[in-house]
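Below is the structure I would like to discuss, written out as structure tokens.
The letters A, B, C and D name the chains in turn, as written, and every chain counts its residues from 1.
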Amino acid sequence: MKNRLNQLIASKYFSFFVTVLLFAILYGAGIAMYKGFMRPQVFLNLFIDNAALIIVTVGITFTLIIAGIDLSVGAVLALVCMVLAWLLANTGLPVGVCVLLVMVMGTVFGAAQGYIISKFDLQPFIITLAGMFFCRGLTAVISQDTIQIENPTWVALASYRVDLGIGFVSIGAIVALLTIVVAAVVLGYTKFGRTVFAIGGSESSSALMGLPVFRTKVMVYAISGFCSSLGGLAYSLIMLTGYNLHGLGMEMDAIASSVIGGTLLTGGVGFIPGALVGVLIQGVILTFISFQGTLSAWWTKIVVGALLCVFIIMQAFITEQKSKLSSKSSMEDNNDPPIQPTPSGAES
Amino acid sequence: MAQALLEMRYIDKVFPGVKALSNVNFTLHAGEIHSLMGENGAGKSTLVKVLTGVYQRDGGTIVMNGKLISPKTPKEAQECGISTVYQEVNLCSNLTVAENIFIGREPKKHGFIDWKTINQRSEQLLAKLDVHIDVTKTLDNYSVALQQMIAIARAVDVDAKILILDEPTSSLNEEETKHLFKIMRQLQRQGMGIVFISHFLDQIYEICDHVTVLRNGELVGAYEISKLPRLELIAKMVGKDLSAVKDMDKFAEKSTPSEEVFLDAKDIGAVGKLREVDVTIHKGEVIGFAGLLGSGRTETAELLFGIEQIHKGSIRINGKKINLKNPMDAMKEKIGFCPEDRKRSGIIGDLSVRENIILAMQAKDGIMHHIPYEEQCKIADDCIKLLKIKVSDREQLVKNLSGGNQQKVIIARWLATQPNLLILDEPTRGIDVGTKTEIQKMAISLAKQRGMSVVFISSEMDEMVRTCTKLVVMRDRRKVAELTGEDISSDGVMKAIAGGAA
Amino acid sequence: GGEQSASSGSGSGSGGKQITMGFSQIGAESEWRTANTESIKQAAKDAGINLQFSDAQQKQENQIKAIRSFIAQGVDIIAFVPIVETGWDTVLKEAKDAKIPVIVVDRDVKVSDDSLYVAKIGTDSVKEGNNVFKWIDEYMAKEKKTPRDGGSQYNVVVLEGTVGSSVAIRRQEGFKDAMAKSANAGKYNLLASQTGEFTRQKGQEVMESFLKSYGPKIDILFAHNDDMALGAIQAIEKAGLKPGKDITIISIDGVKGMFQAMIDGKANCTVECNPLQGPLLMETAKKILAGEKVEKLVYVDEGVFPADVAAKTLPERKY
Amino acid sequence: MDMLKKFAGSSLFLPVVALLVLLVFNTIFVDGFLSIQLTEDGRLYGRLVDILNRSCSLIILALGMTFVIATSGIDISVGAVVAISAAVVCTMIGGRGDGVAQMPMALAVLAAIGVGVLCGMWNGLLVAKFKIQAVVATLILMTAGRGVAQLMTEGQIITVYYKPFEYIAGFLPGMPLPTNIFIALAMVLLVAVLMKKTSIGLFVQSVGINATAARYAGINVTLVIFLVYAFSGLCAGVSGLIESSLIRAADANNAGLNMEMDAILAVALGGTLLSGGKFYIGGSVIGAITIQTLTTTMYALGVSADQLPVVKAIAVVIICLIQSKKAQEMFDAWKARRMSKQNGKKTSVDGKVAEQA
């Protein structure tokens, strides 16, 4: 038993388990306190409502792992929504072509940011902040007003519901889950994915080990751009509009989710399923508040902050305990040091 | 003679303020182990980095197998067939050991990385170096020495024509070095050309065929090792004539410690770090901590300096019981500490030499008692002169110094605080022969002339035997013996360690 | 606690089943909005309706989440203040599928199918814009003001609300419309119009810039809300001009601060935009749930308050 | 000449050049940009004064942010703390229409600054003691802070009619410039003196570059980090005073909105790396002024507020490129290549000579 526990603590997925556990506690508290919280649809709604955020978080996690950051995600998402709406409203292009166009646009924009950052050795924070300004502004240039999407195919997609028996989910939610799976596989089982982690561990070492640092960095930002545009499509399926203020502040939500899920902003550490749980935790906090139903605007903010705080401190505390425990257990293991070459002098 | 495998001609490299290489030629043949020698800062690492595309050369040509090559990145160099272990371990601490060995060339199954094979093959590879560790743990779980071994494992496994090892043995013990040499010889037989950089003359004479000597970024010459006596090699490195070099090795008398006890640690231990050690340090004594890697020498030193806290036992300084909660507490008791991992816990890379030197002094004085700039300069200049630190000027960034000179800066930092006890953890690691003896002499003279106590930790038995008046022998994170006077000898230490094992 | 949940079965209300209303508010971005929220909360209490209040923190996303959560909770009726006009189709369809009636409050929505909501209660932004121009035209004639630059036209600057918001668009539209239709259209020249994002800070900053560019020319300032006007007044004072005299100032909303400014003689008029929509909302909700027919569009009463009535009206103001 | 050369090599050079370029642009395209008049009551009046006046609170925020960033941290809660401080001072003085203060203004001012420091200490505690990543730690206050401010004002905009309150960001009688410019100046000078007379700079940089090594050298890393956040909180408190005095009101929703981003941007434009280490106070100050100038320019040119970011983005990227070392190296290399192409023959001859030797 004790051994099991030690194993769990030593496992690299430990902080993920902690996050999942805390999520479960939060959800359990919801069920205990409010009737109706138990309905499966409440849980499924977390995925429907947060489809876009999940996808965007995946993208931003890539940039965080290489010790970068991408603040432009929310703005790219808004731009994608806007361009899509504009294309559907003002050109006769088929939906597929429009979707392809905006996806390419977002990806290329991400890659361009990555190129500038890597080529000129600039700070990702600043360049992507500029990217955020740029996309937001551009969105406003296209239209300051909202543009509604009336294209029947898109509208049909938006209201399509996949019945799961216990409830339903939207197409966006399914795309989000697929993104999670693909990203987890890419990071865990491909050369590219591992290079991403290596760069996060140490960019200079990666270069000295002969890894394609420049190319990988550009690709990471391209992926972030890609995810932002995919997230934009999911968002567009929820909103059915293009609007300048879509996804405002989403970058912070995404970063917070990713970090709560175990990503280190110093790079080199990140876990995609963790990022998903990070999003769900933020989602469940909001659900909580809407079930509570009496908080005024400011109390909402304070309670969200307080819950976030409790969560983060708890996480820090548990991780601290872990490092203490593991150093203790390593001493116990070392009763018999794994290797002990007989010193040459002793033989003589 | 057959066509050379590698020919570097008229290589120039200029850094702002330093001409690191000028007109250097270097030739390497297949099946040859070739050493690069020179003092700290002579330009050995720079030559390697120019070859592997880390730095862009300012002039000269590189010919490999008769073809002009010009690698712009390490990746291109690797593609040309050059595999390198750099001086400072360059691996990723967040990845597992196995991954560090295989990253960039992972075996695949169905298009995805085959983790099982990676782990298995890593274990096999490390086993050849007689390292048996859990390869699925991340690299930061292991000591510098092990990381060095892992880097070597990675480099030798790459299918390359040229293997470059920049001071791979600086933190290895004899046994580990032996394993490395075995592998090097094997690769040599396969026709690989190997560049081997080290400050250990014994090792050079044991394994190398040729040696190229650099001094101050200039080529002194290339020699066949069997035709070059040691002293002559040293003379060429330091640029003095033979007689002067002979004097250098004349060793000073050891210090004679006074009866007065400065520090007395009784049965100290820390959970997860150290089991049980007791040491008594007299004034004016040079005391050595001897033991194998991982035996707990560093941990003991860290407890004495308040970096980790003791969980049992007690520490008395000048007879008074002291609770060391952090380094500042130890500094107030006039203790100084040069850590062994200078990249991680020693230098502040982006600060200048001056700032690095006065840092501890300033920390001790407190934030409000700012040392005036002029005084800082004076202290820094004094230290640079005293320790012969090779810098272009005192405002040079420490990270741009050669490894050995960085080490000296950290020693200078602590000397500036005028401590009563100076703990030197592996101070001679990666330091050239000349300087090494200088540091040993310095330790002795500090004890003799200033009555300072010195704790000297080193993995080189010779230098411990030469400098220390008392040896604390450790094994398995506890003290197993204490040797004084006549008992201090390599054999004695080895016996003590073996005895502890029995 | 059980009382927060939709107590559909337990029937704790006086008249059998207590009504639960899910209400999604935009946020608390202004005093006006806070008054709006208070009015609705108070009215719900008075009407014995259990209000599930949710604040969207200025994000449509959050509103959609809230509405979806109301549906999941199974509330009896949903009311919401749409932050933007568009993008409600999907979630309102879900509400309709769940057979929960929806009331739109304060602002407009554009949906493909009008049956997605049952009623709309709110203010008429176009009319407010209209009233602004009408008042200006009368006032200028009454006071016999002459253009400050000595020309033949009055120069007007406008501080717009948040770009793209329906309120800002409608108010501007109403204002321009009235101007175009008026016989005196030729007397006015729209000198500059820029957004001050409905906030004091931005209102002040943009006004400063206007003053530097067109200082001596400006005759009239129309601010889309009171807060921007209050910010602008300070900028005008700093420029050494007299707000309310050198520059005629009119804005929309009717918050207390603006009345105070009018009493101090620093502003000239505010066109009311009534936030006290709670009672009407509750009344409508009850009717709908009782199966009665209701008007699709209901506007609350709104007045125009020039400076001369300010002192008398101030004590009566609730917000 | 020598001075000029020295300046060209200094860390301030590029930020200053960037600002100058912007000012020149303004002078050309904005009518009367440079004109400054003296009003009857002895006040200076003009766009330049506006820019200075409006950049004060940003300058002060950037001061605190510079230290935080130098320790390789970040403080995204400053905007919210500005709102809290504004709420505190305004609720304490009170919104009485008769212009009487409910509590002495000095007390209110001290309380506002004190609350700012408290917020900073809270952040410092989380980052330094609990070792929580700075972004996440300060995210808590960023989320909750504005709510706290609204709670204090109960969602109202509290307008202060008490006359002396205006003086903080307005003109003291007889002064040619608004008071907040003097406040900002005083803060900058204070920091400059601290930098000169104490070892704060050395300690902060050491912690930012290599915290482990700093600890081994005897620096109390935890304390340094803690103090740095507390100072950032203090700066945010002072900024809150200025922001509220500018509009004579506490607007919990909009006070300091998005200012954290601008402050970070100012620091970065000033040449400090966001990864920590070396920092440049002067650069941050100039960065803050640059940002405000950019905004004012846009208003003057009538660019709509929501399209403004496009221009801002392009300006930021250009400024970054000008400042980038790598870009400079590449430019030099390109120039060298062009030069060598021009006297291409000569080099190749040299090359041959070298081969033969």
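Going forward, contacts are C-beta pairs under 8 Å (C-beta built on N, C-alpha and C of every residue); 3 or more make two chains touch, one makes a residue touch a chain.
Chain by chain, the UniProt names read as follows: A = Sugar ABC transporter permease YjfF; B = Sugar ABC transporter ATP-binding protein; D = ABC transporter permease.
This structure is a prediction, so every number in the text was calculated from the model and none was measured.
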item: Pair joined by more contacting C-beta pairs (B-D or A-B); value: A-B
item: Inter-centroid spacing, chain D versus chain B (mean Cα positions, whole Å); value: 43
item: Centre-to-centre distance between chain B and chain A (centres being mean Cα positions), rounded to whole Å; value: 42
item: Inter-chain centre distance, chain A versus chain C - centres from mean C-alpha coordinates, in Å; value: 37
item: Approximate Å spacing (C-alpha centroids) for the pair chain A, chain D; value: 30
item: Junction residues of chain A, two or more chains touched; value: 140, 144, 244, 296-298, 300-301
item: Shared-contact residues (touching 2 or more other chains) in chain C; value: 27-28, 37, 163-164
item: For chain D, residues contacting two or more additional chains; value: 150, 155, 304, 306
item: Chain-to-chain touches, reported pairwise for every pair that qualifies; value: A-B, A-C, A-D, B-D, C-D
item: For the chain D and chain B complex, residues of the former touching the latter; value: 197-200, 202-203, 205-206, 209-210, 212-220, 277-278, 354-355, 357
item: Contacting residues of chain A [partner chain C, same complex]; value: 33-36, 39, 41-42, 45, 48-49, 140, 143-148, 150, 155, 158-159, 235, 237-241, 243-249, 283, 286-287, 289-298, 300-301
item: Interface residues, chain B side, partner chain A - complex; value: 52, 54, 73-75, 77-79, 84, 86, 90-95, 99, 103-104, 106, 112-113, 115, 130-134, 138, 154, 173-176, 178, 271-273, 292, 294, 461, 476-477, 490-491, 493-495, 497-498, 501
item: Chain A - residues contacting chain B, complex; value: 12, 185, 188-191, 194-195, 197-198, 200-202, 204-212, 267-269, 327-328, 330-331, 334, 337-346, 348
item: Residue ranges of chain D in contact with chain C within the complex; value: 31-32, 39-41, 45-47, 50, 54, 97, 150, 154-157, 159, 161, 170, 243, 246-249, 251, 253-255, 295-296, 299-300, 302, 304-306
